[in-house]
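Consider the two complexes below, in which chain A is the common component and chain B and chain C are the respective partners.
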Partner chain A sequence: MPLTVGLNHKKITNESGAPNNGHVRPADTTNLKNPLKTKIYKDFPTKCTDNDDLLLQIENLKTFFHTEDGLIRGCDGVSYSVKKGQTLAVVGESGSGKSVTAMSILKLIPDPPGKIAGGRILFKGNDLLSFTPDEMRKIRGNEIAMIFQEPMTSLNPVMTAGEQISESLILHRGFNKKEAMSNAVELLSLVGIPAPETRAGEYPHQLSGGMRQRVMIAIALACRPDLLIADEPTSALDVTIQAQILRLIKKLQKQFGMAVILITHDMGVVAETADMVAVMYCGRIVEYGTSHDIFFSPRHPYLKGLLRSVLNIDNEEDDLYIIEGNIPDPLNLPEGCPFEPRCPEKMDICTKQRPEPFFFGNVHYACCWLHA
Partner chain B sequence: MLNYTIRRLLLLIPLLFFISVMIFGILKLTPGDPAVVLLGERATEEALELTREKYALNSPFYVQYVKMMGNFFTGELKSIYYKENVIMVVLKKMIPTLELGLTALMLAIAVSIPAGIISSVKRNSIFDYTSMTTALFGISIPVFFTGILLIYLFAVKLKVLPASGYGGSMFTIEGLRHLVMPAFVLSFTMMASTTRITRSSMLDLLQEDYIRTARAKGVKENQVILKHAFKNALMPIATNVGNQIARLFAGAVLTETVFAWPGVGRLAVNAIFRRDEPLVFGCVLILSVIYVVVNLMVDLFYGIINPRIRYE
Partner chain C sequence: MNNILKIKTFYLFIISALLLAVISPKAEIDYISYGIFALLTLIILLISLAIYRHKKINATTIIKGTGELVWRRLAKNRTATASMIILILLSFLAILAPFITPHDPLETDWGALSQGISSSHWLGTDDMGRDIFARNLFGIRVAMGIGVTAVVLNTLIGTLLGLLAGYYGGKTDNVIMRLLEIWNAIPFILLAIAVMAALGTGIGKLILIVSLSNLMAFARIIRGSVMTVREFDYVAAAKVIGIKDFHIIIRHIIPNCISPILVLASLSIGETILVIAGLSFLGLGIQPPMPSLGGMLSNGQQFLHENLLMSIVPGVTILLIVLSFNLFGDGVRDALDSRLES
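Up next is the complex of A and B:
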């Protein structure tokens, strides 16, 4: 059994086909139809490595889980990049590998069963995959911070909110306990928690879900990171609170000039916040482009379905469109296009061969045979 | 907190009443005539009758119970064998038992908590397998067997430790030499159980989301384990240790018997053999009081380590 896994492993790592860095096509801005966000579009680098504005660049990242049932390719050749101060939204159904990709950036994948099997994660030009655990720790919470999906369980129940915020300040900034605590109180008021002095001394169970997520944001922002990864920061919260939290993240992003990777299910949120969008399906990016590309010229049938289901673009009489079927079993992915079993536009080639990325301009691409 | 403590202490009264009735009932149900034990097989019927009269052995159950409880609290309940107040008899034997029990407890905690933590962090390592196998032995082998095995090895074969008996206070060399084997034997079962509970709670806790949060903050791995995970594991470990303390007394009965250790456990066993009813009653009642008080202390300790628990 381990032998087969090893073999598989090798084969996959050597596979080409995934976009290298997603932006290697010759410039072709002419087919841009609705140049609403042209500025961003033009700004987006064609040669990423020598661009000063580029903060994070993931190349062909593969994170696999060696489970008892077999190999799960949680993230299978993902490439995306984030510029300073920008927002990249990552969307996709549950199980599409959004969290796995994000956690791979901080190397927080539980091992076993998970392993980063290949690729590069360039942060400020350095490959995080070559970092030692000690070097990695200096990045975490300091230069890259993360907010998780589950505010109810992401705080330590036996430590006060203040202690949990102080911790990273003590670690990365060398503050003493008192300095850190007064900073923590400031951070709590920054994230909009009333009576921050009192709240700092309270334990997570004394705080509501929305408050806990605010505390999580305060923890993440304590050291003024350059990149904030927000993994569905609002999906566990009430609708009214969702909007508040998103507004808060947006405000603080502007204030600190930090880049944000926002993982979400909500296309509305994407439309509101994203500069760039990556659409994921079965551990791969199926379409990538500027927010404008994604909303005004979606190419992949999955993305079209997704937009149709939320935006109700083309048929008013049918008020709730749902993409038929379910995401395939990660242990038995179709050989060809992973979306093929559900795709309304599938062709013969789709069952046989995995679609490569096809470009529409510099950055916008979709992995679909329709555009071959 | 204070209110809660007082309330819990008051609740002990009905509980101890119930326990004392149970002990008394069981004593009365066991066959054998204390008067015969006291006077010997060849005592005359008149003498026996007189003794029964003296110790109220002929009165109805509840009269005997009330009398015994009354005597117990006024300090007039005398051991038939020692002819002395049972409370005093028990207290005198308490020091060796406490020495044995507390040493075993400390030893068990000092070994099992680090062992459990290491096992959980280095899961499926040689260390983990070794300590888990040892723990399995610890749980399944009875105290008297381990005791006899150790006596055979260290006292009979190697002749490095005394086989049994009490060597005086544990703060003397002789006392310590005598204490080593019984304390180890007594702590062995406890070690096993506490190591397992530490390991399994740590394994669970290390999967928690807040552990991931701590790592995402850049907390050092040993801090993640000790500060973030272990602090949360204190709760199940304290429960386990609390239960173990109670069981320590049960274990003490066996250990003290095997090692001829002059403590309360052996006192209770001898009292049963001698059909010394007042002393048995006293021993078991005092041990029960200790048991419930320890449990209460563990409950109160929860409030200190777990902020989610608020006593009102």
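Up next is the complex of A and C:
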């Protein structure tokens, strides 16, 4: 998959087109050059002109984990929005808070130790954080669905594929077992499983990895959700299957007009699928923009490093670029920019003050003092 | 094929009923008893037939479900099959004890004290002239009845506590497990003596004590496996679909924790029977004159020189029951363990 990055540039511009995604900066951003005075990031980046198109809007979401060793800010003031039918890719390394943000949307953060400490999650205009557990259960699987990274462990080994797909249909649609099963068979053929009638009666151990991921997708899509959260859906699969699964998700996305939040650490996957990209680091979004912005004019040193470290078939250098160091201990994050200890372009201010978003155009922004 | 099988079983039924009518030494038995006897004989025959057929199935036959797979592995295991057959025979004897033996276990024959093996008393008589075979059968009946009931009760309560502790974790877990640890700190024999002294003896109390004393083992093991299963992605996936906790526990957690429960239950039946025998030996369990294996053993040790059968018969029976349950439990464990797949 990473090999395709260099070849996919054309595709990105073609598919996302001129990236006017409805995001418009708040009115009081006239003095862009000096954002410290205006404090624009409070409202950014979820202001939208046409709210009808807006499906999910996260504002300043904070999810903290109160562990015995101290407070871990799993997700610290994350804001993003997803429009109907759009794909948002959330990129970042392990522990950067991608999955925590996604699980916060579904309110499935294990509590204790986790807790959503603040912010708003607006789904179709309603704040999910104010929903009761019962109301949340009606949203889960029905309107927001999720697929996981590990198809090997995401299916219950003692239930057949068909039974697992029908579970959500019985729950949300009130189908009886027979109706649900025939629906499940339909769904299996929709996700491209040959001989769906036989496969529906089979147990997970009888299916291959790619097929299990297809079954997972069928489970997620059973109730035709408006939003699909895909948490590294291809990481555990081999490369040929990865491409098939991505293509399948894309095809179904178009067919059902659903929005997708794609969590990944594979820049190749991002290039292939995303309209918008959010780059996360230590629980914060460090750069946000259309995939065109992200790939052609990366601003944050972390993103630049990330892009340089991707395998490129045109690249004639022998050694692959690596970002030195590791992510900082989440218990003692640096006072200033969390990327500062690893940053090749660090300045004095980076150690002292947390950078705020600086804009380059309508939606593209990076949290880095370099661009102040 | 099916028809032939049905006709065959019908004939078997008739034949066993007639056979029983002929060989039964007890004249006053009514036909309903014959019916029950014949039906149970039939069930045993069918089960052995099923085992036999399962063994004959070609290895390439498609296995439909996990249950079938486990059953086939169990049937392939000779020790487990043998212990299963012994257990079935023993339960057969236990259930039909009154129809099998011509003697009442409480009936004393002062003309035949402490006798050896004879045609009227198959395994001799004890110091009060009671038929040892009859007492032994009724002893098996009591031991297995109490043992199985206690283990079922134990499994239910222990599993429930373990499930709650493991699934909800945190405070629930802490409260349940700490309480169980306190409960577990009380020595079993002392507890039994205390309860018997306070409430008096009786089978109900015996079952209660035996089943409640072993809660810790169940709760702990089930809590452990629930905690493992809880972290699996399919539980998260079920939550993501919006399934309620209760249904997640019933449909996703319990089926995946069933193997330790089954293994532990089948292993602890043997243990429980031993504990009951031990309590009866000490005079705390089943009270005379009701026959119990432990009580017979206790009685027999006073007459080791006069009549060895009084000790050997109940001793061997206890050994047989406990050994069969343990071997069966081992077989179940092996059959449920997917790593041992050949």
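The rule is short, and it goes like this: the second predicted complex is superposed on the first by the 316 of 372 C-alpha atoms of A that agree within 3 Å, B and C clash if a C-alpha of one lies under 4 Å from a C-alpha of the other, contacts with A are read in each partner's own complex, and residues count from 1 in each chain.
Criterion: contacts are C-beta pairs under 8 Å (C-beta built on N, C-alpha and C of every residue); 3 or more make two chains touch, one makes a residue touch a chain.
Just so it is clear, the structure is predicted and the values come from calculations on it, not from any experiment.
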Superposed partners chain B and chain C on chain A - clash or fit: clash
Which superposed partner A:His172 touches (first chain B, second chain C, both, neither): both
Contacts of A:Met181 with chain B and chain C, given as first, second, both or neither: neither
Which of chain B and chain C A:Met211 touches, first, second, both or neither: neither
Which superposed partner A:Ile249 touches (first chain B, second chain C, both, neither): neither
Which of chain B and chain C A:Ala278 touches, first, second, both or neither: neither
Which superposed partner A:Val82 touches (first chain B, second chain C, both, neither): neither
Common interface positions of chain A, toward chain B and toward chain C: 106, 108, 137-142, 145-146, 148, 150, 153-159, 167-168, 171-172, 203, 216, 219
List of chain C residues in touch with chain A within their complex: 65-66, 170, 232-234, 236-244, 251-252, 255-256
Chain B - residues contacting chain A, complex: 207-210, 212-221, 228, 231-232, 305-308
Chain A to chain C touching residues, read off their complex: 106, 108, 112, 136-142, 145-146, 148-150, 153-159, 167-168, 171-172, 203, 216, 219-220
Partner chain B, residues of chain A touching it in the complex: 106, 108, 110, 133, 137-142, 145-146, 148, 150, 153-160, 164, 167-168, 171-172, 203, 205, 216, 219
